[in-house]
Amino acid sequence: MFKDTDFIKSCDVPGPTKEAIRAIILYKSDVSPTDKVVDCGCGTGGITCEFAKRAGEVISIDTNPEAIEITSKNLEKFGLGDNVKLINDDGANALKDIDGIDIAIVGGSGRQLENILDIVHEKLNSKGRIIITAILVDTKVEAINKLKSLGYNPQIMEVNVSNGRVLDRGILMISENPIAIMTAQKR
Amino acid sequence: MFKDTDFIKSCDVPGPTKEAIRAIILYKSDVSPTDKVVDCGCGTGGITCEFAKRAGEVISIDTNPEAIEITSKNLEKFGLGDNVKLINDDGANALKDIDGIDIAIVGGSGRQLENILDIVHEKLNSKGRIIITAILVDTKVEAINKLKSLGYNPQIMEVNVSNGRVLDRGILMISENPIAIMTAQKR
Amino acid sequence: MFKDTDFIKSCDVPGPTKEAIRAIILYKSDVSPTDKVVDCGCGTGGITCEFAKRAGEVISIDTNPEAIEITSKNLEKFGLGDNVKLINDDGANALKDIDGIDIAIVGGSGRQLENILDIVHEKLNSKGRIIITAILVDTKVEAINKLKSLGYNPQIMEVNVSNGRVLDRGILMISENPIAIMTAQKR
Amino acid sequence: MFKDTDFIKSCDVPGPTKEAIRAIILYKSDVSPTDKVVDCGCGTGGITCEFAKRAGEVISIDTNPEAIEITSKNLEKFGLGDNVKLINDDGANALKDIDGIDIAIVGGSGRQLENILDIVHEKLNSKGRIIITAILVDTKVEAINKLKSLGYNPQIMEVNVSNGRVLDRGILMISENPIAIMTAQKR
């Protein structure tokens, strides 16, 4: 496992996705060593590093060149990356050239979520899994509605985590912001 | 109502107790214009200002002289304070000289919670209410056990609030830390 | 204060709005004894009873006749209701005949939220407050967007409450479902 | 992955530990195919089944014979169990005969938590991990204090999950009760 603080960070790139969320995504993904994974909006590389350890192949995309750079640095820090391809492009564009996806993570989409899901749906293998994370309330509704319109039976889980600081005077709980995880599986 | 940002703050004094928690405390207190209220650990004055507006008399205590000062400033800012007495002392000590309490708020106690509750119990009117807030997990257990041992039927509510930032790109929810509110009423 | 369990309930009517949420709504409403309040979607009467105690006049509306009946029973149980008018109609319709609103609570709207907010906006006094509660994620987005389009500066707070059962073996926390509270004030 | 509803349940046995919590425990455990795992208080077998799939060897203990029976049924349902030993005994007693533990999960302890942790500490391999789940506030404090006194640097994470029901009228979020996860690693 990685600790949140293990990751190299940059002020201009969001992430890494926090530990509990990474754990839940990994679990829901049912990842296996032969899976082809796309991480759309790889940010700091929190999700990319987790799947690099467990999947066959990972393709990580981000519009922000700095995100690609910092994801690359984190992969290197953890001795990972041999099975990872980094693409600095818009997800909706980069996905056009990717086929046979087993697991598609959408951790960032700008205003392209519907487009990205259209292409992901097309490129996803049968039994393939889509996992979308959201920090905006709007994204939750948009993701669920789009997944429904594509014929999926989507699920949504919202997670509120707080972490303790174990002080001399007692245990002080500090909250993380709520994160929603929307998931769907292709028939 | 006050907004959280309405209060003058100081780096060295915790508080103010956040809006939702102030609202719940006010509601649970059933405060009326004849009530005598003690605010033990008044900090920034978040609770003191609320009760100054609604109670007959408020006595606010804090070991930290800066807390007394900043509470005083906030009362002044809101045009309140005529019915408020500020005491710079340990709660366990100051409470010895106070009688006929209708509502006792314990928002800070250091390691004196049991002592403070012993004295509060003695000085509390029949039908009087005790309200304790906790940011430490340990304080929750200590408060409930002490209230039970004093013969109360204590209640505990834990509140996790997140507030939205309404941005152009959507609604981003930001979490406050969890707060527990323990309450009891004298027979 | 009322306990959640104080209210008469019916299987076919949702509510009452839980204690912490009632407390926060009351606080945000800044209700005073001269205020004219509309409770659109009064359900079990949880909100209606609170405002009946504190406002000048309350008009409570529900499309469900059983909600009107049970709200009436709860008002009677608490010795309230002299200043309450109950209307069994769609909110969007009933609101057309109501003027000079100081506080509008929308606790239920079916698919009429935008219509209801259009009329509320028209009938709301200057400095009047709108408070919308939501259990659906979609309602949060719809409410915020509509309030923005009407020229308001809306706020949203999400509240996760858990209540303790104080057992011999310890304190067991039981969660309520998350509730969002959207608010806005007319200039 | 298992869904919560995949597990056979019994009214008299708590569990299964919910999906998000199982995911986080798995992640924090860093389980590998050679690990020896103890699940103290296996209940319905939620945790036992997860580790049976991923660890070398699992020993599951419960004082309640019905928990042992239902854990056995769930293992069978999922085609697992060849590497699992079930013991119907008190954890503090059964652990005395177990050596070389890599991962110790304590999901139930009655009033024996301190005793159980004393023995777990003794039997845990270097680099071994202890994971305790708590539904009682008291257990959080007890676990952290005991782990500290045994020389660990314990961590605590509290998780509040809500799951969506995707309805025609929108997304309704339903809360699970809060769960705390306390972890520590032997040097």
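Per-chain residue numbering starts at 1, and chain names A, B, C and D are given in the order in which the chains are listed.
By definition in this document, a contact is a pair of C-beta atoms (placed from the backbone, for glycine too) under 8 Å apart; a residue touches a chain by one contact, two chains touch by 3 or more.
Here's who's who by UniProt: A, B, C, D = Probable cobalt-precorrin-6B C(15)-methyltransferase (decarboxylating).
All of these numbers come straight from a predicted model, not from anything done at the bench.
If you compare B-C with A-C, the chain pair joined by more contacting C-beta pairs is B-C.
Note: centroid distance chain C to chain D, computed from Cα atoms, is 42 Å. Between the Cα centres of chain B and chain C there is a gap of 27 Å. For the pair chain A and chain C, the distance between C-alpha centroids works out to 38 Å. The residues of chain D that reach two or more other chains are 137-138, 140-141, 144, 156, 158, 160, 162, 164, 170-171, 173, 178, listed in rising order.
Contact topology of the protein chains: fully connected, every pair of chains touching.
The part of chain D that touches chain C in the complex is made up of residues 111, 135-139, 160, 162, 164, 167, 169-178. Residues 137-138, 140-141, 144, 156, 158, 160, 178 of chain A are the ones touching chain C in the complex. Chain B makes touch with chain C in their complex at residues 1, 19-20, 22-24, 26-28, 30, 140-141, 144, 148, 153-164, 166, 170-171, 173.
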